[in-house]
Structure formats: structure tokens, C-alpha cells
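What follows is a pair of complexes built around subunit A, which joins subunit B in one and subunit C in the other.
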Partner chain A sequence: MTTATMTSRERVLAALRREPVDRTPLVNPTSLATVELMDLVDAPFPNANREPELMARLAATGHTELGFDSIMPVFSIIQESSAIGCKIQWEQKDNWPTVKMTEPIYESPSDIDISDDWMEEPDAQCVLEAIRILRRQFPDVAIIGKTMGPWSLGYHTFGVERFLLLSLDDEAATRDVLDKLKRITIEFGIAQAEAGADAVTLPDHATGDLVSGEYYRRYLQELHQEFAEEIPIPIILHICGRTVDRMGYIADTGMAAFHYDSKNGAEESMEAVGGKISLVGNVNNPTTLYSRGAEDVKDEVRRNLEAGVQMVGPECAIPLQTPIESLRAIREAVVEYHGLN
Partner chain B sequence: MPELSDVGNEFIRGEIEQFVARPDEIERMITLFSRASPALQDVAAALIDGDDEAVDTLTRAQLEAGVTALEIMDDGLIAGMALVGIKFRENFIFVPEVLACARAMKAGMAHIEPILSASGIDPVGKVVMGTVKGDLHDIGKNLVIMMLRGSGFEVVDLGVDVSPDDFIAAIEDHKPSVVGMSALLTTTMPNMGKTIDAFVDEGLRDRVKVMLGGAPVTQEFAEDMGADGYGKDAMAAVSLAKGLLGVGA
Partner chain C sequence: MPVRTDLGQRVELVSMDPRCHDVSFGLYRKETPEGPVAVVYSYSTKAGTDERVAFITAALAALGGLELVVAGGDQAVRLPCRDWHNAAMKRLFLDCFRVEPTGDLSPRPLQAPDTRSEQTITLAPLGDGAYRVESSPAADGEEPRAPAIARALVRLVQIEELDETTVRFPCGRDHHELMGLMLVRAQNLRASLREEELTASRGVLTAPSAQE
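After this line comes the complex of A and B, so read on.
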């Protein structure tokens, strides 16, 4: 076993640029929070989604307890939606906060009215302050923020069903919605970069479970290219589900990385992106991490490493009851594979 | 055995040719549509095309012409959705297109359901459905409910964010044969297992069959959680529910 020659931060940033690394970094573009970790550092949900000190403390456990090379403090996908006025169900320690999409705030594109100072709202400020805290405390660890894409914000503000039907019935109106909501994505991304984030995850749930790859190309590819130009730090796009049919389009956006789901094989995904974007993923959450043991986790990590995936981690935000041993097995597999601590 | 040319509606013939590949399903689609009158084929075609206004108009016209509500539902609306289900399963269409077809089906069912309810036909079975605790997504669940109702089931819709206690209360109140649970998020899927465990703790597990569904759910996960079955999509859920109750699929 030899010693690493790069810091976690250097390792992640190099992998995002598809440059050589001393070992494959462990990266979590989405949440690693669990009830066990909340108890360990006394930073429970829902407060850890609303108070920056708690948010930073819980997020840091991904590095201090699980050995990840990144820290990602934005556990949920609701911070900016809350800031612009969506109704939120904040839940308790053992459940995720959720946008009440059955009570949408917009019915038509003309309803969209986002105030100039929306980022002054506490649920947006919480994220920015948590990033500042983490930047000060962990200068050698990659700090990853999160800014939601306009397609996901469309679900939150219009409701999923209404937004998807709009996308079929009225392409011009849908483009109008996306153009109005993209301001949030860009402004929040830039603010997180200024707060000290090294990269941002950009979830935009044009998932293969809901829409086609052609939909992605038609509605989102150009917008994602625009985000890559406007946001001054590397972007990790996150889309759940089967996405091989759109990975070629995603690879052409200029974004740094794509966070991919276990419904896609590692080798076919590497082939689909053709070396134009880094991949991060894709250990299965509900079956492997949540309900199987460490050996199954290690098998999935090894499949990614053997395929040349640039960064390994869970496929998405993990269930809050995921056993800590399963999460630690991700690092163990990487260390065993590389023979490097 | 009927041939494709026995399906009079040109649009439906084209859909079968273009989107249905499995020989057993080609045979089933041809049988289904060739037995329908030209007017009911038109209802099915409008539904497949996602045209809710046309389905509304054509359904009303058929009722006024004296065609029974059951016949319009089976040979027009359900037959149309059967083809939509195949297109969705094979990734020829995605959720927006299915939602448009569902909207069209609702337009037809708005005329059919009151007549069927008043007729007093015994339901195939009773199903309690809900999206599990912490999850507010309902598109998949609503599609399953629509198809179950269209297939003769009585369905109690508990909505979204349904706690184990609420499922248990619904089992005691409504005495269903089947409980269906949905989840869209990998973070909320474990609540399916928790809910099933709560059924066991309350001594209710043997009283109901449990079926799971939702985009990230798999057969393997459903088995791990102790469910009786998994439905990949709305059509599969209907077949599963019928299978669990031992009635013809």
C-alpha cells in the first residue's frame, strides 16, 4: 500500500478535467446523509436543511466518516424552490423535505415572477453560508454545491403532470418557462462558486423514466451548454434513470461530468460519452447500498473502476437508513483496487 | 383467426405494424380491434392519438347511438390503452404522451363511469393504492388506478405521502384484496418495506396481497421488501392484480 500524492480536492478537480489522478476519487454529487450520521454529529433533518452550521456539520461526515474526497452540503432538491415560494413539506429526521407539487405556484408561463433578491431568502442563504463554512474548514477537500436545472424547477413550480403535458401541448410555452426559470440556475450556481464551491451538481430530471432522449436534445441541450458557459466552475449534471440514449447529447454540452444511474452499465456509458465528459457513479442505492452487504457494494465499485469511470459514488441521494458499513465499503473497494490509501 | 386487414381503421393498422413486434401481442391487438365496430375503432384511434376532445365527442355519440357503456369502454378505451401500454413499454413513447392518452381516456370515462356505477356490476376486486410516506409523486399511481378501474376493479386512492398507519387504517376500513404501493424516489423506496413490515406487526399481512411499482422499483427490490409482486407499468399492474386474485389476466 503506497501513499496518495494528491489532496482530495486536487484529485476531484483533476478527475473533473479528465486528467491523471493518483487514485480514482470518491465523489458524491448528491446527498450522503443518513440518520446514523445525523445522530453521530447531532445534526438531524429537517434542521440540517435549514441551518448552515448543521448543514455543514452533517455534510462533512461524508469526508470525515466515510472517506469521500468531496463534501456536498445540499442534501435535498428544494432549497431554491423554497426560496422562490414553493410550499415545502419539511418532514422529520427520517424523511426528506419535499416540494408540495400537488399545490403548484404557477399555472402558466406568465405567472412566473421571481424577485431580484430571491437569493436573500433563508433557504438559499443557508446553502451559501454552509459552503463558506466548509471552504474554511476543509481547504483540501472538494466542496460541491448544487443548483437545480429549469426542467426540475418546472416540475416543482407547475407540478410534474402539468409541466409534462405542457411540454407536449405547447413547445413555445415550455421554452418560455425554461427561459424564465434558468435565471435561478445560473444565479445560484455563480453565487455558490463565489462562496467557495469547487463544482456544482446540476440536477435536471429529464429522466429516461419520464421523457425521451430526443426531448433532452430539443429542450435542454442548448440550455445546458449555456450553463457550462455562464457558471464559472465545473458542472456535474445529474439525471436519474436510464439515460444512455441522451449521454451523447450530454457529452456535447461542455459540462465537466455526468452523474449516472445504476440503470446504465458502466461500459456502455463510457462508450456513449466518448471521452468528452467525466462520469461519476453509479452504485445502486435501494438494492445494493440499502439492503445488500459490503461485498455487493464492492463488486459494483469494481465494475466502475474496471470500465474507467472517472469518479465513483452512489447513483443518487442515498436512503436515509443506509447502513454506514455499506458506504464505507465504497472507499475500501477503491483503496483495494488501487493499492493506495 | 383474424388478419391485420380485418382491422378497418387505417391509423390503428399502422400503429400495430409500426409498434407491436411480439407475435402474441400482434395477434392480441388484431383480435381486440377487429371485433370492435368501426366507430369504436375510431374511439380507440383518438385515444391512441391523445386527442381528448375527439374521445369526448365520439364517446358521447356512441352512447347516444345506443352502444353500451361497457362495450365502449372495453372495445374503445381499454383497447386503445392496451396499444398505448405496449408503445410505452417499448420506449416508443414516454410519460408526456401517455399522460395525453390518459387525459383522453378520462374524457371518455367521464361519460362511462356514472353509467357503470349505476348498473351495479360486481367489481373484479378491491384495491387500495397509495404513494408511500415521504413521496409526493402520483403520475404512475394515477395511471395504474385508471387502468385498474377501467378493468373492473374498485380502487380506493389514498393519494400521496401515505404513512404505514394510513395504509393499515385503509385495510381495516375498506378490506381490500390487494394493496398497491408506488414510489418514484430511491430515497423513499425503503418506506415500501417499512409499510409491509408494519402490516406484519399488525397481523394484517396475510389478509392482503401487496404489489409494488414506480420507476426505480425492480422485481428484485419488491422481493427483498417482501411484496407479492411488481408491476413495471400500468398494464402490467392490472395483469398482476388479476393474477394475485386468480382471475383471468
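After this line comes the complex of A and C, so read on.
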């Protein structure tokens, strides 16, 4: 048995740079919130998405109770969309807040008018204040923020169908939309860095089911390169689904890491990114973490470790009903694999 | 209060109990030298939570015919066969939350009027964990409901099908109380399964492109 020699924060930051670590870090670029953890610290949804103290308290359980090396307080994907005026279905404790995409706020690129002080809105400020709280409370843990990419914001503000049709019919208009919305991504990313975040997750839902790898290259690769240059902390790109066809493009963006889905094998993904970007993932959520036992979770973690994946964690925001013992099994598998005490 | 690591495997969850501040309650399968036991647990410290845990535990025992035991300091229940029937335990747990706190905790009988016909359904115990599903004579042109109810019980409780109207618990022990409770649900299998699907999909975050 050996002992860990790095702090959680040092470990995560090193893995994001693909530098040596004392053990593989457990990283959650997306939410680890569950209804039981909400009860444990009395910080239930939806309020834990809107009040910074509750947001920070619930997020901290990922480190204090589950043993992750990172804390990620931005559970949902709607904070900045709410701040710019999208209508939100806030839901209850046991479900996710969502943007009402059937009631879009924009119809054409010319409608996009984002006020200069959009980050003063409470749902953006909540994120920034939660990061400040966590930075003070956990100086040795990696704090990860989240800023949504313009493709996802396009879905939220135009509606999925309208935005996808626009991307098929009018490339110039689509680029106009993305160029206007990217301001939100950059400004929110920079603000979170200033609040104390060590890295930001950047979900941009050019998902494998609806958007091809070629589409990614055409519309998003350059924008993602721009984010890597403008946002002064490491970026973890998150795209759901089967994405091996675009991992090569993603690896060339200059982003630090790609948070990848269980629909992609660990070995093929490592091969696809060619050592140019770190990978984080990819324990399956709906089947393995939610409904199978700890041994199946450990098997998936081991597959990632054996493939050399730099950081392990769930593939996406975990279901709110996920059993705590399944989440703790992720850490147990890493500790066992590295022979640590 | 830290996370409990000695509760065993969570097999079912009520994520919001409207009768107790929308608190979450889990049903945990805990292994003991005498066989598996079930523990009801909540991480909430809100007032009334302990009392609610005690009520649900008592309801499990009464409605499911389970034995009250203490396991590792936790009040628990176990099946009299000392085995574990996962599907039945999950459904029993969920049903306990439907009972009014001042409601009747008597076990349900092995006979019930069918909700879809004029027939009466009876579960006749054959011993060794086997039950024959019987339906009273059907009206002209109406199919006997017994085979459909037997198939529904097989799916809901995950018990063995011996023939088209006979089912049996694999442990070989009778569970009259569980069967009485499941008889009510088996009459509307589709609704039970639909409810299960809805519960399973709730709380799962989907990409914007997959949201309705």
C-alpha cells in the first residue's frame, strides 16, 4: 500500500495538463447531486439551483461524502439561459429544471439582444457566489464551474427544431447566431475563473444523435479554439452521445479535456484523441450507476483506468435517484486499482 | 451526519414523500448471518422523519407479512422464508407510502373483485409457496381472468409460472400477505408498469436535443 502525495486540486490540475499524478483523480465535470444528498445537507432542488449557499453546500457533498477530487456546483444547464430571459420550468426536488424550449425567446439572429449586465441576474450571480464560497471553504479541492456553449444556447433560445433547421438551411445565419451567443460563453467562463474556479465545463450539445462530426468541424471547432484562448482556465468540453467521429477535431481545439459518454469505448477514445487532450469519464449513468451494483460500477472504472483515461467519473449529470453506494464505488475502484490506503 | 456505509444495497427509493416534507426514503437490503433484512432509511433530519421511518417499517411488516428484527442497531424487517424477493419487496415498499398514516394496516385478503369484469379473483394456496389463481364463472362471452392475473403476478412479483393459472415462490414458502397485496396491482398490470417507467425516467437529465 502507498499513500497519496498530492492534494485533490493539484491532482486534477495535473491531469488536465496530462502531467504525472499520484493516482487517477475522480472528477465530475457535471452534477453529482442526488435526492438523498439533498436531504443529508438540507439543500433540495429547485432552491439549490437558485441560492448560492445551498448550491455550494450540496455540491460539496461530492467531495466530502463521495470522495471526488473536484466540486462542481452548477448542477443544471439552464443558469445563463434563465439570466438572459428564457422561460424555465423549475420543477421539484426530484427533477431537473429545464428551459421551456417550446416558448423560444428568439426567432431570427436579429432578435438576439443580450444586455451588458446579463450576469447581474440572480441565476448567474448564484453560480459565481457559490464558486466563491467553495473556493474559500475548499482551498485544496478543484472547483469546476460551467459555461454553456453557443450550440446549446441556440437550442435553448431558438428551440431545438428551429435551430437545427436553421443549421441545415442557412449556414451564414447559423454562424451569426453562434457568434452572437458565444459572448455569453466567454463572459461567464471568465467570471467563474475570477470567482475562483480552477476549470470550467463547457457543454455544447452537438450530440452524436443529431449532429455529425463534420458538422462539429464546420460550425464549432473554430469557436471552441477561440474559447480555449479567451477563457483563462482549463476547459472541459462536454458532448453527450457517440462522438468518436469528432474526437480528433476536439483534440485540436486546445481545450484541456473532453468529458466523454459511455457510448464510446475507453480505448478507441484514447486512440482518437491521440494524447492531445485529456479524457474524463465515462461510467454509464442510466444503467450502471442508477440500477446496477457497486461491482459493475467498479468494472467500468477499471476499464477507463486500464485504457489510461486521465480522470474518471460519471459520463454526465447523474440521475437524481442514483444510489450513494454506487457513487462511492467509483472512488473505491480507483483506490483499489492504485493500491492506495 | 455522514453518509451511512453499512446500510447495504439500496433496492428502492421514494424520492419525495408528500406526507413528510418531501423527504426521500430508501429501502436497503442489508446482509446478516440470518439472511437478508430490509431497512428503511432517510438522510433527512427534518422533524417527523424518524416517526415516518417507523411507520413505513411497521407497514412493511403488517402488509407484507414480514418479521420485525433488529440488525446492526437498525430496526429492520425480514421475510419469514429468510430469502429475498426483490420485485415483491420493491412493490410492497412503494405501496406502504400510499397508506394513510392512520389507515388500516391489515393484510389484504387473497380474494378480490376484479376491476375489469364481474369476476372475483381468488388465490388458492397450494402449499410450498404455490398459489392457483381462480376466477369465478365468467359471464357469457367473457374470458376467464385467471390466466391473465397469473401472468401479471409472474411479471410483477417475478415468481415462477407452473402452469397458466399456477404460480410459485422460488423459496418454496407461502407469502399470503404479499400475494394479497400484489393481487390488487396484478389486475391492472399496464398501469403498474407505466408508473414504474415514469418513476425510472424522472430525475434523468437529458441533452437539450432529447428534451420534449
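By definition in this document, the second predicted complex is superposed on the first by the 340 of 341 C-alpha atoms of A that agree within 3 Å, B and C clash if a C-alpha of one lies under 4 Å from a C-alpha of the other, contacts with A are read in each partner's own complex, and residues count from 1 in each chain.
By definition in this document, a contact is a pair of C-beta atoms (placed from the backbone, for glycine too) under 8 Å apart; a residue touches a chain by one contact, two chains touch by 3 or more.
If you're wondering where the values come from, they're calculated on a predicted model, not measured in any experiment.
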Superposition on subunit A - do subunit B and subunit C clash or fit: clash
Which superposed partner A:Asp209 touches (first subunit B, second subunit C, both, neither): both
Touched partner set for A:Leu220, first subunit B, second subunit C, both or neither: neither
Subunit B versus subunit C as contact partner of A:Ala48, first or second or both or neither: neither
Greater residue coverage of subunit A in the superposed arrangement, subunit B or subunit C: C
Partner chain in contact with A:Val283 - subunit B first, subunit C second, else both or neither: neither
Which superposed partner A:Val99 touches (first subunit B, second subunit C, both, neither): both
Subunit B versus subunit C as contact partner of A:Cys316, first or second or both or neither: both
First (subunit B), second (subunit C), both or neither touched by A:Ser167: first
Partner chain in contact with A:Ile250 - subunit B first, subunit C second, else both or neither: neither
Which superposed partner A:Gln89 touches (first subunit B, second subunit C, both, neither): first
Footprint overlap on subunit A, comparing subunit B with subunit C: 95-96, 98-99, 101, 160, 164, 207, 209-211, 240-241, 285-286, 290, 316-317, 319-321
Residues of subunit C touching subunit A in the complex: 1-3, 5, 7, 9-10, 13, 15-16, 22-24, 26, 42-46, 202-205, 207-211
Residue numbers on subunit B that touch subunit A, as the complex places them: 50, 91, 94-97, 99-100, 103, 133-139, 142, 160-161, 185-190, 193, 215-218, 220-221, 224
Residue ranges of subunit A touching subunit B (in the complex, touch as defined): 89, 91, 95-96, 98-102, 160-161, 164-165, 167-169, 207, 209-212, 215, 240-241, 285-287, 290-291, 315-321
Complex contacts: residues of subunit A adjacent to subunit C: 31, 35-40, 42, 44, 65-66, 76-77, 92-96, 98-99, 101, 152, 155-156, 160, 164, 205, 207, 209-211, 240-241, 285-286, 290, 293-294, 316-317, 319-321, 323-325, 328
